[in-house]
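Below: a set of structures, written as structure tokens.
Two complexes come next, and they have one chain in common, chain A, joined by chain B in the first and chain C in the second.
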Partner chain A sequence: MKILKIIPEKCTGCMRCELACSYEQTGTFQPSKAVIRVSAFEGHTSYAPYTCPQCDEAWCLTACPVEAIGISPAGAKDVADDICVGCKLCTIACPYGTMFYDIDTHKAFKCDLCGGNPACASVCPTDAIVFEEADKTDWVGPFAAERAKSPAGPLAGVL
Partner chain B sequence: MARHVIVGGGTAGWNAITTLRELDQGDSEIVLVADETPYSRMVLPYYLARDIAESHVYIASPPKLAALNVDARLGARAERIDASANKLVLKGGDEVEYDNLLIATGSSPVKAPVPGADGENVHSFWTFPQARAVASGVGEGARVAMIGAGFIAFTILNALVNQGVKLTVVELESRILPRMIDDTGAGIVQDWLNERGVEVRTSTQVTSIEDKGDAKLLKFQEGPDLEVDLVIMATGIKPNIDWVAGSGLETNQGILVDEHCRTNVENIYAAGDIAEGPDAVTGEKVVHAIEPTAMQHGRVAAANMAGQEVAYKGSLLMNIVDVLDMEIASFGAWDDPDAEVFEAVRAERPAYRKLLFHGGRLTGAIILGKTREIWTTNDVGMLKGLVYTGVDISEWKEHLRENPFDVKRAFLASGAAGGLLPETVLGRPSISAHEIAISS
Partner chain C sequence: MTDYAYAGEILRVDLSSGKTWGEKFEAADRRKWVGGAGLGAKILWEEVPPDVGWDHPENRLVLATGPLAGLPVWGTGGLTVVTRGAMTNGATNTQANGFFGANIKYCGYDAIVFQGESPDWVYLHIRDDGVELRDASGLLGQDTWETQQSLEKTLNLSGHNLSVYSIGPAGENLVRFAAIQGDYGHVASKNGCGTVMGKKKVKAVAIERGTKGVAAAHPKALFAAADDIAHSLQTDPSTKGLYLYGTLGGVRNLQGMGALPIRNYTTNVWPEEVETKQWEANGLREGFDHRGHQCSACGMHHCHMQVISSGPYKGQVVDEPEYEGWSGAGWTIGATDPQQVTWMNTQLDRACVDVNEFGWLCGWVMECQQKGYITDQDLGFRLEWGDIDGANRLLEMICKREGMGDLLAEGTKLAAEKLGGEAQDCAIYTEVGNSPRGHDHRSRWEEMIDTCTGSGGTMDTAPPVFPTDYDLPARVHPQDAEAVPKHVGGLRGRRAYEDSLGACVFTTRAPMDVLCRSIQAATGWDVDKDEAMQTGRRINALMRAFNLRCGIGPEVEKPSKRYGSTPVDGPIAGVSIMEQWEKMLDIWYETAGYDRETGRPKPELLRELDLEDVAEALWGANV
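The block that comes next holds the complex of A and B.
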């Protein structure tokens, strides 16, 4: 299946993905409501976007006590708002930290691959996020680990 | 054709049914023995809040069970097991033969042994009928006493307060949520509740519940009496285990099971609140009476019943509850006196974070903060991932000691995600229950 492939070496930290994501998902430009999040490394000189890997185990889907989470035609695990009661079990079941809770709608929400045309990939100006056939893998881990080992340390210059 | 008999239609039983059908597409007999029509206990607080209709609470309705080709004996109650003859004996004398038996009879609420606890308008909140009874007794201005300040009590606190209930919480122990968070966390939550008009009395023992006209009068070992309209007893639960006595099954707190959710009898399995199985962090056998464990036990037991060899890594203790827009969650061995502890309080927010380590491994965590802030940082799942995988984050310990609120980069750099991605509990991608196809 097509997945969101992330190449953090190409990320400039422009945050367009977060804005496009939050607008597509919630109709507002609020990075705090984005389900893709960019982390800064090495004193804001390196960046890595991170989102739901659409894992095979589907921890969120199996945890849901009302079967509100299904698999969409695009292959994304997707929350049905009319069934979700907002119990947040999926948020503690997901070991990736990519299950979110909307404090305004009282529903869980997550990356649904925008129905097969992910806004984050569409707006990324450097192709750090691309939507294509690829293996599900930890795109960010090796990059983040390498930055953590640099002499400056991962948090130099970061509050 | 193999006959699988499942006793209990809660989360564990229902997940076992869907997993069996996912694996065999209908090529086995499934008999469900359940004394209630199956429903989701987890969503009863939302029913009490009047957010959802009764129909929303029923997960495995009779039509759904029929569609999965399940012989559902609803209203039937298992009385004993004749393991030597592979027979389940029902109340009334009917017998059901099995090739594999799954015991998923859950747990029941225990009322504190107080005179008057069985009186009118004194309810547990555990079953659907009990939830209905509480729902019909609460509304704007109703005075309610909640005896017990554990997780179950807290799951319905919002529903009560948001309907205008005047709530008093009474806890025998010295802190609220005694099995979910520590003293520091409990103190913050207690202040939060007091500021929002909920009275909390800790270290307080109820000595009697008396009738006073239409009201209830609670008397305590110390302190003033309390007059209320309704009493909710949330004083703990215990596994429904008595009926298996004499079956030859090994029991402790629950029925002892191995990593396959198999008991000491080869073709008898146990799952959910009644099962005492391996803990993912310690490896020791424990009862984790929580929804995620019931779900996973049910799936693992069913896969093994279907003839697959599926070993379970163990259950992870975890809970999350929202109390009037404060989020409280804990994972793993959050109360371990032998752990190295990093903690920080931001009293002005308020927020609290506690991380527990053994060497480079995170073995437990407590997270507490305003709902909107918790879901902005979204650390909850990452902490679960770190505790569950036990991945080495030694390089991040000094940073986390200074700032236990900043876990995201440690998670990303840990490689936890890479370790998790190939992992599936059943050895293949999960599907939704809606996708299960039965061949007739």
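The block that comes next holds the complex of A and C.
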């Protein structure tokens, strides 16, 4: 199974992933509709892209009262637009803030791994986002544990 | 007509009345003027008559982006500032990057045009269609980084969700070479554009990352063209160094050819004690904790943030200097410790002055002190070569216009003219009034002639990029009095076109056919390299026509005595540009298609450039 992996220390905050993502989602370059977002920290010396980690235990899926969220062939938790009623419960349930609500379509939307070829990974100029084979699909747990080991915070070992 | 690649609206701001409105960026004008420099030139020509000087309320301050901004071509957050500038009192064409161009397009605008003068200090806040002039009294006195931090706090936004371009104390106090700085380290620096912003009492422009989209005519082809541009940047020998290290390689490269300005052009030889390795590109980068801080959609390893690792400013986060910073805040003023130079460079960005002009000014004061032309009493203290704390003190005096700082705030040319005599003889400036960039142009003749004949408050043609695209030789000897002006005149136009795209000139440094493919994919136009060149030449010609209308003609197209002097040592000791100057101008004029005597673009050229009205204005109806 391939997973989308983010390596924040390689990110330079150029936001190209947001552009490519929004293009895949909407057909135009519109970062407000991107489902990957980049945040800056520590006076622009550190950036972190974040998107849906496709949790094994997906609370969005559990919370949805109309069963609009399923699992796609690419392994993504995916919103079925024709079922979603726009109640936003999933956006509240998601612990990562990666479930979004579209004010134009009145539907929830999220990362669908672009059907198996994520645009963010293919356009990232620094390989801070990669789509690669992994034994375990939930990579956030070990990642968080690894990061927590560093007492000096996320910049340690980077700068 | 679709709005491919364009937001389609220009935001007009009348500061006198406080009124703001959107104006259509007419489709017919887009292909002719593109955006950025072209759009700005058109507005200057049409709306700023000769009696409206840089400090007149009716002067226009155009902050424009272009069709590639907000799209996935590398380095496309571009901002071009066009105005009648404070240094030459003529046209200005100066760029910065960051996220301005992307954020404003997502708000639905291709450009902002300020007119009038605000009665009180304001900042312009843009959030999609919500445009508001807000009270900026609380921001006064803050430097540009503090201003951005304050606005992030006020608006509760962080990172690239807010793009802020502002002036620091230098702009508030109308220092004549004040710049506009944005997004922590990107500076539109030339010709006192920040002075104009200060005169209009605009402290900052704060643009939220808008929610609107920008469409491309052929998105897949756009990605493909962007990849090809990126591939060229990464692999072509002429750009690979830029890709890996930005402009850091310039220090050693230019030093080797005698083009690094050392101690106000008094020498071209490095002091023996200099550790040359730390001045290599990788030495300057790896000598600091550093992290990429890229512009919109950019994959160049160019803009970085760095942390000062030793000395009194240890631990401070600064913007990694461009070559120009290592030169203007360093070698030009005799400072040779990178830790100190990088601190000074960010001090200049924060105060918001042009780093080149500060270098020439500070280096000049240092030399004048050494030679007794400016006494300790005149200045109020002793300023020796390489004294960074002293240079910072000088910067503060200039920004506050304290003591002799009041005179120095007028820039090198006016200050030197005021002092006259031997002091004036050692000042570096052009008679037009614009600042040379941070090299020793006595070894780079292309740029001296380009800077002196430039109509946008700096050089027009800029260093050659793939000259073979236009059947010119790939390289010419930098002191070849015939080949150099042919190159500069022959390539005139490409840069003005690039400056109109909303992109960074380091990322448009690809073969013109490849670059044109990205513009075709973005806009749907069948533009080719000849149209691009033609458009650029149109922009250059219009800016020149504007300057001529303002009374700036060929009589001032020359370097100051020191700027055009003969190097006394180093690789080109004894080689004199001034012996060749008139001949070079003759060739440049002929190549550019301009009239040698009057400086005017010739009527046949203007007609060829679809500038019939300009031909009539310059030459009369019957020519």
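Definition applied: the second predicted complex is superposed on the first by the 134 of 159 C-alpha atoms of A that agree within 3 Å, B and C clash if a C-alpha of one lies under 4 Å from a C-alpha of the other, contacts with A are read in each partner's own complex, and residues count from 1 in each chain.
As a convention for this text, a contact is a pair of C-beta atoms (placed from the backbone, for glycine too) under 8 Å apart; a residue touches a chain by one contact, two chains touch by 3 or more.
Small disclaimer: the values here were computed from a predicted structure and weren't measured.
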Which superposed partner A:S32 touches (first chain B, second chain C, both, neither): both
First, second, both or neither for A:V66, with chain B first and chain C second: first
Chain B versus chain C as contact partner of A:P125, first or second or both or neither: second
More chain A residues in contact [chain B versus chain C]: B
Contacts on chain A seen with chain B and repeated with chain C across the two complexes: 32, 39
Chain A - residues contacting chain B, complex: 32, 37, 39, 41, 48, 50, 53, 55-58, 61-63, 65-67, 69-71, 83, 85-89, 91-103, 136-138, 140-142, 144-145, 147-149, 154-155
Partner chain A, residues of chain B touching it in the complex: 11, 15, 40-43, 45-46, 51-52, 56, 59, 291-292, 295-296, 299, 318-320, 322, 325, 329, 331, 371-372, 375-376, 378-385, 388-389, 395-396, 399, 406, 408-409, 411-418, 420-425, 428-435
Complex interface listing, chain A residues touching chain C: 11-16, 19-20, 22-23, 26-33, 38-40, 42-47, 123, 125-126, 158-159
Chain A partner contacts - residues on chain C that touch it in the complex: 70-72, 74, 99, 102, 106, 158-160, 184, 209-216, 219, 223, 230, 289-299, 305, 307, 317
